[in-house]
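Attaching a single structure in structure tokens format; questions to follow.
As written, the chains take the letters A, B and C, and residue 1 is the first residue of each chain.
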Amino acid sequence: MNLLLTFIVAAIGQAVPLLYGASGEIVTEKSGNLNLGIPGIMYMGGISGLMGAFFYEKSAISAGNEPNALIGVLCALIGCLAASFLGGLIYSFLTISLRSNQNVVGLALTTFGVGFGNFFGGSISKIAGGVGQISVKKTASFYQTFFPETMKKIPILGKIIFSYGFLTYLSIIIAVIATWYLTKTRKGLNLIAVGEDPAVADAAGINVTKYKYGSTLLGAMIAGLGGLYFVMEYLGGTWSNNGFGDRGWLAIALVILALWNPVNAIWGSLVFGALYVLYIYLPGQTRASSELVKMLPYVVTIIVLIMTSKRNKPENQPPKSLGRAYFREDR
Amino acid sequence: MNEKAVNIKKEKYIRHIVKRDVISKKKAWFIRLIAVVLSLLVSAVVIVGITKENPLSVYGGIINGAVGTNHRLWTTVREIVVLLLIAVGLVPAFKMRFWNLGAEGQILIGAVASAALMIYGKSIPAPLLLTLIIVCSMLAGMLWGLLPGIFKAIYNTNESLFTLMLNYVAMQIVTFCIVFWENPSGSNSVGIINAATRAGWFPRAFGNEYFMNIVIVVVITVAISVYMRYSKQGYEIAVVGESQNTARYAGIDVKKVMIRTMMISSAICGLAGAVIVSGASHTISTSTAGGRGFTAIIVAWMANMNPLGMLLVSTFLVFMQQGSIQIASQYGLNENASDIITGILIFFLIGCEFFIHYRIEKTKMEEM
Amino acid sequence: MSTNAIELRGVTKRFGSVIANDHVNLTLEKGEILSILGENGSGKTTLMNMLSGIYFPDEGQILIDGKEVAIRGPKDAFQLGIGMIHQHFKLINVLTAAQNIILGLSGKSRLDMKKVNKDVSNLVEKYGFDLNPEEKIYNMSVSQKQTVEIVKVLYRGADILILDEPTAVLTPQETEKLFAVLRKMKEAGKSIIIITHKLNEVLEISDRVAVLRKGSSIGVVKTSEASVESLTEMMVGEKVDLDIQRSKPKSPEKRIELRGVNVRNIEGQDVLKDISFVANSGEILGIAGISGNGQKELLESIGGLIPIESGEILYYPPNDAPVEKLSEKTVQEIQKLKISLSFVPEDRLGMGLVGSMNLTDNMMIRSYRGGRRFFADRKSPKLLAEHIVAKLEVATPDVNTPVRRLSGGNVQKILVGREIATRPNVLMVAYPVRGLDINSSYTIYNLLNEQKEKGVAVMCVGEDLDVLLQLCDRILVLCEGKISGIVDANKSSKEELGMLMTGGRKVSSK
């Protein structure tokens, strides 16, 4: 029972960054942009958030003050959002304004973003005195708890529901809002039109460029929070190179499983999260066989992909213009 | 004075984008050259910003790092040919508009095959062992590409995500193998395989470590160029890539072409795995492919799949990468700086294509 | 004060080196219906697209209610009260009718779909349309989609309506309904432009007619003073002999026979139902029908591109060779029997040709398999391309030009020319003159006649009933995937074909 509990909590811990990434990618893809740079953007968001908190705490300490957790949180948030915005802006400018190939730009952005994360991660590790020496105690502790201790002590529920930091809860709220936005608002409707057929949206007086930029930038910032979650809540405010791994790619795969609906991604991310940590909790594993169990998330993704490729309901298809640049005077 | 002002019609310019009909080769290359120069300038600003060094000495450092010593020069050449080989391997798939993002995995599986042969086939005579390494790595890579190829052909399964996921499956297979192959035990790494006997290593020739790598890459590059340009199968690939409807109409078996092309493409990527393991590093790890499978996509795309263009782009990227690795160590930065530099270069090179295909026009509008 | 709703002065638009509109002047008076008449490719749609903000003019002025305006995007057009109903509907398939109607409108950011649905319903009732606002577009018929487009423009309170070839996809009955609605709108004080190339419609609906030819405005006449002859003359520039030379079929023999053929599409709908007919050598069999009634599938099933559900397709080769069952053969085998399919789909380049490839490489689509060698032969395709360019007077810099860069007429010449070069026994063409000017159209008609005289069994899917009646020997009419009649083109009339196309059954003797 206790093991199952720990497993669920660990699965949720893995699910949150995937959910952020998937929500961000869905918002982006709804505008017809397939942003393969999301994994890189998540790295950028993570490291920049960490740097914001790190430099704030460092300067506070060197000035002889106790760092204020709230300011640290704010610095981290601003750093994270600004960097993800920058990543989204590079992608948007190249694919929307300059109409470059989305796949190529996305891959380049991921190379850039991962390099960006590891470079600055490595650099501030050095400033901090070595690998794993980065510490932003105050800020991280704020990120790691949200509900008061008493609530966490409620049996079972306390651990499963109340034991996380605010970014965990925020991820669900964002997914719900994103779905509401896409289905129940005028802007959401216009966005769907842009992703389905930009020429039609354009003829209807919708500013295609604005919507594409807007949703790509917003999507990038949502995804960036996934990176911040990982460094702050999951790692507790430190950095390890390539530590975030391939979660960004899994988030992109999750979009298909979620049928382009962020609320579905909540459940999907839980499944992926569980598969991600299964090898730790599966009894009777040798070192070699646990390596094979680690394949599961990818294998399951592939199976889901194959299964979903056969469905043909129009609502369950990707946005029709996904991956293509729009040029009004194309004949 | 006042009257005069009234008489002048207000002129407003409206900017809008127009697609170019044709552009001269000279102009296109000029635009690309500007992009390269701009990218170098921006990279310089970034490097100088981080290192606070004189930009000239930074670029001196890059050149020194890439070709400064004989050893560095050959390392650079080695990296160029590997990147070129992967890019060449991707060409048939891309020409077919099949987004093979799985080169990483195909390289890794090819690398596993050749490492396994090196480890378990020590006693096989060298010529036979080398042949086996080349053939088996190609077969392994082929298998890795065959899966998404088949599912794309039959169910139209999204190939980019399928191949992407297979990268990680391949990576897990590598870590799985490392459990058995680790040397010394407990190190969680394989170490140099057959360091003493050099069994399964590509032989030195003409006093050069990488002679065989270069030969393989040249042969494959020429073969694929000829195949794509002059063969019937190459023609079929082009038609399928442009329009599956037309292909159907022409009586081309689209599924067969798709699967066959994907096998060719991934076999070459598998071979690249052997070139890396047997021809260069003589070890294997999860970073054996090291993102080159992705960089090669960009190389192939930017060069418009033209072999000479791919050589040019690979050279430029690898030169800058090797150079920045050098500066990174020189100024005590970490080697990831080179990824940032590569990213910046690529952004400029991709972005400049816009100015080759479109131009911005001003229209005069008179207000009454 | 001007009473003109719209005035265009010297409007010019170029696409690369092609001039689509050359200093066009045009006025639309308030409360009138103005027809813009012109052949395909005369620049009608381009001109209107500049009013709706899709294109921006290179030169010239646009005046709305006497004031010069810059229409920089569709939004500007809406604000000026201009609403355009495009030929290809601008609708999002996965959304409902009401959602499409409010697309891009400003208003409270939270959507109240209930209210929108009600508003749309009111509008629908007012003008007597037949439309369910909550229906998804992908479930709709063509005329329902057009209704959505019109309601959309009305919902936005447009005063100036532009309809681009609105009747092209409608049955005569639906056209009548549409015209009734247009008259109602005119009474309500709206100004309407209708783009068309159908002369009778022009005479029926409009107050004035403006004629465009090759991108220039030729003149404006009052409809009451115009006739079919005078308008045709304005449109084509010279009196043309509308008669196509038609010879009597020489010793026709059975070539293709379909027996009870049924075809289903990917979605599982029956697209061809119980099709049985015979196509003879030395005759042209016309295939008529409103677009989307199975014409495409009919030709594709004979060509082996789509599988048939039941029934059989037989081929009787010349010289009494044994009968072949086409329904059991692959595309390649069918092509070897010299059965040629020259399909001109809507986007023209989508199927028969590869736009980015040059002329030579496009010739290879038919011939690249020749020879046993691993490498493809490019010499003979090049000679063939040069031959076609010379013979059919294709306007192209050289045979190394991608076909995408050529104009519609030249593309079609290449496609039909290539198919004829295979010396077919059966030649199937679909919409062979779509988008062509009169001269190019006649080149194609002559080619088809030439083939017929050589003893080829020609099947031709067409849209213009006048042409079909003059070109073909017999005409097969499809309606909802069924044959609603096969008539003798010498004795039939447009009225009869129109009846058959809309389902009125009449089977005359063959």
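By our rule, contacts are C-beta pairs under 8 Å (C-beta built on N, C-alpha and C of every residue); 3 or more make two chains touch, one makes a residue touch a chain.
The model shown is predicted, which means the values in this text are computed figures rather than measured ones.
The fewest steps needed to get from subunit B to subunit C, moving only between touching chains, is 1. Looking at A-C and A-B side by side, the one with more C-beta contacts is A-B. Of all chains, the one whose mean C-alpha position sits at the greatest distance from that of subunit A is C.
Distance between subunit B and subunit C, defined via averaged C-alpha coordinates, is recorded as 45 Å.
Our note on geometry: subunit A versus subunit C, Cα centroid distance of 47 Å, whole angstroms.
Separation between the centroids of subunit A and subunit B, computed from CA atoms only, is 27 Å. Shown for subunit A are the residues that touch two or more other chains, namely 329. Touching of two or more other chains is recorded for residues 19 of subunit B. Remark: subunit C residues 15, 52, 54-55, 73-75, 77-78, 84, 86, 90-95, 99, 102-111, 136, 138, 266-267 touch subunit A in the complex.
Subunit B contributes residues 17-19, 99, 101, 151, 155-158, 160-162, 164-166, 168-169, 172-173, 175-176, 179-180, 291, 294-295, 297-298, 301-302, 332-334, 336-340, 342-344, 346-347, 350-351, 353-354, 357-358 to its touches with subunit A in the complex. Only residues 14, 16, 19, 21, 230-236, 238-239, 242-243, 245-246, 248-251, 363, 365-368 of subunit B touch subunit C when the two sit together in their complex.
Those residues of subunit C lying in contact with subunit B across their complex are 16-17, 56-58, 61, 68, 70, 72, 303, 305, 330-332, 335, 341, 343, 345, 349-357, 361, 364-366, 368-369, 374-376, 405. Considering their complex, residues 184-190, 192-193, 196-197, 199-207, 312, 314-315, 317, 320, 328-329, 331 of subunit A touch subunit C.
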